[in-house]
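So, here's a batch of structures to check.
Two complexes follow with subunit A in common, the first pairing it with subunit B and the second with subunit C.
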Partner chain A sequence: MTGLGEIEYTAIRELRGPLAVVEGVAGVGWDEFVRITLDSGEQRHGLVLEVDRGLAVVQVLEDTAGMDPARVRMAFAGEPLRVPVGSGWLGRVCNGRGEPIDGGPPVFGSATAAVGGNPINPVRREPPAEPVLTGVGVVDALTTLVRGQKLPVFSVAGLPHLELAAQVAAQSTAAGEAFSVVFAGMGLTHADASFVRDALEERSAAGELVLLLNTADDPVIERILTPRIALTVAEHLAFGSGRHVLVVMTDMTSYAEALREVSAARGEIPARRAYPGYLYSDLASLYERCGRIRGRPGSVTVLPVLTMPAGDITHPVPDLTGYITEGQIVLSRETHAQGVYPPVDALSSLSRLMRKGAGPGRTRPDHLDVAAQMLAALARARQVRELADLVGQAALSPADHRYLDFDEAFLRRFVHQRLDELRTLDETLDSAWQVLLTLPRSQLAMLPSALLDAHGAERG
Partner chain B sequence: MRPPAPDQAASALQPVRERLLRSARADAEELLARADQEAGALLDAARAQAAAILDDARKQGEADAAQGHTAELTRVRRTTRARELAVRRQAYEELRRRTTERVRELRHTPDYPAIRDRLTRRARRLLGPDCEVAEHPGGGIVAHAPGRRADCTLDALAARALDRLGAQTETLWAP
Partner chain C sequence: MGTVKSAPGAAIVTPDGGPERPCRVLRVAGPLVEMEYAAGTAMYDVVSLGEAGLPGEVVAIKGGVVTVQAYEYTGGLAPGHSARPLGMPLAARLGPGLLGGIFDGLLRPLSGSGDWLLPGAGATGDAERRWRFTPRVTAGEPVSEGEVLGEIRGTGPVCLRALVPPGAGGAVERIAPEEEHHEDAVVAVVGGTQVRMTADWPIRRPRPVRERLSAQQPLNTGQRAIDLLFPVARGSTVAVPGGFGTGKTMLLQQIAKWCDADVIVYVGCGERGNEMADVITELAALEDPRTGGRLADRTVTIANTSNMPMMAREASIYTGATVAEYFRDMGLDVVVIADSTSRWAEALREFASRTGALPAEEGYPAGLASAIAAFYERAGAVTTLGGARGSVTVIGAVSPPGGDMTEPVTAHTERFVRCLWTLDRDLAYARHYPAVSWAGSFSRDAQILAPGYTAAGDPALSARRARAAGLLAEADRLADLVDLIGITALPDQERVSVLAGRLMREGVLQQSALSAQDSYCGADKSAALVEAVLAVVDRCRELVDAGVPAAAVEEADFGPLLRAREDAGPNDAAGVATRRDAMLAALAGLQEAA
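Coming up: the complex of A and B.
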């Protein structure tokens, strides 16, 4: 962790909620890391929220409860929080500020890095390429995740987005190359945190996982550090030791709410829905830390999960996230109500970089054709369903009826899978073919004849 | 018109009766055949359904067993890992304890006055020449100036040295 200055400040003017005001400080800057020592020897930590002449406002991470202003000492680090980096993180479970909660010693690293980090220099960026296979059929087939991509999951409260995030984190692979997952849970309930630990136990035991858990009752300022620590650790695992790293961050809405709270504590002018005006650039400073670097092995792929309050996709968090990221996986309430998991709304979902990660030489030669045909058929099925709502099913043509059957088969036989089911790409694409072949050959115009023949499409 | 004699009427209706009877028999046969067919289809469907239910039950049973096995495996893995980490933590704490003890022993060495003077000079550099310097019972000094404090105790020195060790600490348990 960050090295601390030898001078400790003892003139604490007041303690207010999670804030402490210190007098007579010199050379202290914003966001500096602070160690707070109580008379009992107990140590707490904080961040400098504001400095005005000799006064510094420190947000105490563990809250100020039980602190006596006359018996507290504060040492400033002279720099923002740094964390050790390296493979020592693998297999560890830590809280939102990177301290172990698994009963082990602190995490050690051969070097330290500032958690603020820097997005990759655009000149040194290598475009994302090659897939990360998640083992979740509908994601791999229709919204392929590409190494170095940022692809958010848009969900609403009550949908199984955490289950999906955990399943992706537990199952993802990069074609046999060294692969690790950094899972940053923010604002999780204790039950959710425990679910995540269970779901990822195997990967953790295999030394392929870093788990950072910030629970809903943890301090908000810690929630702001959590994704930054996760990304810092991921960057060094990726570009320092050549691993492909998937960073799953959930829930980004909870993160943005923490940012709003801290911004209010700093007295900043609120913008849309009281989020700070810099919400866009703040989110970008996280999402843009993914990518690949020219001349170096490894990649950082980011999968942020966010819940849209009241299902509103125009809410600032999904709205601004959508500007920065490269597509989205949208979960749907209707599909969930039909008992289908994962309830992905395939027509609203999109991976903008899919062509760089799927197709000949990357996944399977027929992948892109199958995906395109699947989406075209789904779009037609949706039109047919709307038509049926107007004129009744009896008035539909036989071809239209086949589309309704296709839609049903798509959900039940293709999308639906168990929480612990790892579907290989071949299994996924084969089941996509089976579902597509419920349609007459004449409706599969986007698939080459040779492929249709090879898969035994009915003639005529 | 004069009505036909009864025997004449009976013979005249004979073909009609036969035709009706044939038709009724044919209908009955067709009905029977259809009923047989439907019964057969129903039986087939029931058999298929029973097979599917059995198949599902078997799969569910296998999945449950696999899940139970996975849960057990997860529990064992977690316990093993927790033990390993706990042992590492003990080793680390032991290192801290012993290091602090060894540094404290400096108090009883002939070099200690020189060390204390160096620490005093350092504290005065940090807090200014007017700061109050007091010897700490554990060794080293603590300096005070209004609103500021410099911890130059032997314990603090040991802690800083340990923090600087970083990844080298892992040699305690690395193979």
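Coming up: the complex of A and C.
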């Protein structure tokens, strides 16, 4: 971590919520890292939010509880927070500030980097073009994740989004090239945290995982740091040593709430639902750290997971996320209620980069056609189901009945899979074909007839 | 900044343009910096902050304290650090090298920077480029401001001109011979003023013109939904509101690629990095259908992605407008595409909040409406100072949060633009692209452009537009009814109206940006498609009148008509007509069967 200056300031003028205001400072810069020492010897950490002449406003990551302004000392680092970077992170489990909780020594790296990162030069970006295969059939087939993409999971409370995130983190591969996962958990319950640790144990043991866990009872403000550390570590694993890195960040709604708390404490003018006006830019400063760079091997792919409060997709967090990310995977309560895992709502989900990352030379030549046909048939099946709700099943035409059967087969035989089941792409696409072939050939107009013949579609 | 060469008009300046004594920083809160005042600091002047020389701009001066908005990340900047006002406003360096280039919000070339953009590293780019200058005046000739001194070639198909700068004029004292010159070389001296191929211009000051004209020429975008229903004139203003996933960026990119302007200024303002990379790669690969050159050679790209410093986003909109005006003054038609103005407005809000300005709606500053209006007013068809005709068309995307069209940026923008292309989420979800809503959009240019179509040999265009719009509206009205009572409950003629709406939507309005044949659609093909659908609809009505059941008409295979847009080439009106005739013949068969 960042080295700290010798001077310690003790003139704390104000403590309020997560903020501490110090007087009489000299030469303290904006966004500097701060170490706070309490009388008991306990150490806390902070970031400079504002510095006005001799006054510095510090956001305390561990909160100000128990701090007595007369018995606190603050030392400033002279620069924004830096963390060690490099392969020393692999296999480690740390808290939301990057301190080990696996009983090991502090994480060591040959170099350090500022957690804020720097924007990738848009001219130097390489457009994403190869897939990350997650082993989750419905994701791989219909919303293919592409290396360098940012693709969020939109969920609601009570759905197995954490299970899905953990499964993707445990199974993802990049066609045999070096692959690592950085998993940043924010505001997880202890049960969830230990579930994640268990689910990813194998990956961790293989030295392919960095786990940062901020639990629900950990300091809230610390969550502002967690994704930044995760992304900084990921960037260096990717662009420094040529790995393909998947960064899973869950739950971004908890992150945004921490941001809102600090903003409110500072008395900033609130925008929608009292979130700060800069929420879009702040989220972009995280999500946009994904990508590929010309002439460098490796990639950073970002999979943020967020729960939509009250299932509202127009809530600022999913809404602004949707404006930044390249598509979304939406989980559905109805599908979950039918006992299907993962409960992905395929029609509302979209991977904007799929066209570039799947198909001939990327996944399988028939992939895009199969996906397009699948979605078209699902759309039709949904219409039929709505019609059936109105007029009753008996009034449906025989073709309509085939669509209802298709919909059922889609959920049971294609989407549904076990938590620990890794499907290869061939298995996924073959099962997609089986499900599609429950429809008569006349309904499969988007598939070339040569392919239909090859897969034994019924005649006529 | 790279633009600092001289500072005309500043009172107390050092050789490089700032006050003699550096001032000190007093306060830093993100992009908000306060510093001491010193004589020679004026509003909207550029300030160099700290040792890294981060650029900033003066936005308020009060009681010896100057408020600065910083254009880069200010981490580590502390009270006591030096701050140097440069004695000149934030300016863009305009020159022939802009075409085909990619720049940040302050018009600094990105191609000269590394993989990551480091604060204070302000790229310099390749200042060593040379251009062929061809004089168009001779020494001794009298010239006035805005007149052409010579032509500049070397960039691609667009012919650029060196002009007498605004405010200058008199006899040509010296003019360079025809040869290649360094871009900073003096190519002429007019009335004591040295004229270079490059010049700085303050981004917040519109470049002067002789006269504003009323817009009368259509801008053809090659997108049927727009050219047919909601056309835009050269020099007009357009807003494109649409929630995420409605294909906003795709539509704007299509216009950047295919519209028939001379120069496109594409401002990626707070948008996705991967998308920007895509635009850049595609423009470089695509051929300009009109000139045969690369599309990139007529495009200036200003890329300020969402994670690049926020306040540079605020400047990038004005930078784009300034670049457009520079080309307009040469007598060119320019289109500025700003994606997205909502991100620009958010930068305004962010800064207003930090300065403690009193918030108006949803935290936006009270000046939001006037800032939006002023930006769109930089559009226009004009007679330039030199007497040429040129235009700047502004197309601004709006990203309403939560798809809420009543939010302040959308609501205010609607008031100031001449055309509104609203993108509809339901259309987008139904994979109807471009998802331009015919009910929620408008074009105040359609009326003005009508005489122009007659002059151009297509007097029926306005009538076609009216019929198409009528059909769509009627079909929408009936669709609501069908949801309630079912299609079979409608009279036969109304069932044909529902069918007509579908044919118009699927046969004309839908247009795939990914299609090789139909990504661009020429005016003739567009007219032929509408004519074809109208003719087929008329035939269907005749059939129903003649006693053919509506159900039989509905079940006819309209595939040949619906596929005509994909099967016929971009300008193949005759091909569409052939398919129309085949369709009409097939329908005639229905009557015989009945």
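Observations on the structure shown:
Methods note: the second predicted complex is superposed on the first by the 439 of 460 C-alpha atoms of A that agree within 3 Å, B and C clash if a C-alpha of one lies under 4 Å from a C-alpha of the other, contacts with A are read in each partner's own complex, and residues count from 1 in each chain.
Here, a contact is a pair of C-beta atoms (placed from the backbone, for glycine too) under 8 Å apart; a residue touches a chain by one contact, two chains touch by 3 or more.
Small disclaimer: the values here were computed from a predicted structure and weren't measured.
With the C-alpha superposition on subunit A as described, subunit C and subunit B fit side by side in the combined arrangement. Of the two partner chains placed around the shared chain by superposition, subunit B is the only one that A:Gly24 touches, whereas subunit C remains out of contact.
Counting the residues of subunit A that each partner touches, subunit B and subunit C differ, and the larger count belongs to C.
By the touch criterion defined above, A:Asp198 reaches subunit B but does not reach subunit C. Shared-chain residue A:Gly86: touches subunit B; no touch with subunit C. Contact with neither subunit B nor subunit C is seen for A:Arg382 once the two complexes are overlaid on the shared chain. Shared-chain residue A:Leu353: touches subunit C; no touch with subunit B.
With subunit A as vertex, the superposed Cα centres of subunit B and subunit C define an angle of 170 degrees, given in steps of 10.
Within the superposed three-chain model, A:Pro316 lies in touch with subunit C and out of touch with subunit B [touch as defined at top]. Look at A:Arg16: by the touch rule set out above, it reaches neither subunit B nor subunit C.
Contacts of A:Gly109 after superposition on the shared chain: subunit B is touched, whereas subunit C is not. Nowhere in the superposition do the C-alpha atoms of subunit B and subunit C come closer than 16 Å. Across the superposed pair, subunit B and subunit C touch subunit A at no common residue. By the touch criterion stated above, subunit C contacts subunit A in their complex at residues 26-30, 34, 73-81, 102, 110-111, 113-119, 244-245, 268, 270, 272-278, 280-281, 303, 305-310, 343, 346, 349-350, 352-353, 359, 362-363, 399, 401-404, 514. The part of subunit B that touches subunit A in the complex is made up of residues 63, 67, 70, 74, 77-78, 81-82, 85-86, 88-89, 91-93, 122, 126-127, 146-152, 163-164, 166-167, 169-170.
Contact residues on subunit A toward subunit C in their complex (touch as defined above): 26-32, 49-54, 78-80, 114, 116-128, 148-149, 239, 268-272, 277-278, 280-281, 284-285, 287-289, 291, 293-294, 296, 314-316, 319-320, 322-324, 326, 350, 353, 355. Against subunit B, in their complex, subunit A makes its touches with residues 1, 3, 6-11, 23-24, 73, 84, 86, 88, 91, 100, 102-106, 108-110, 112, 198, 201-202, 204-205, 418, 420.
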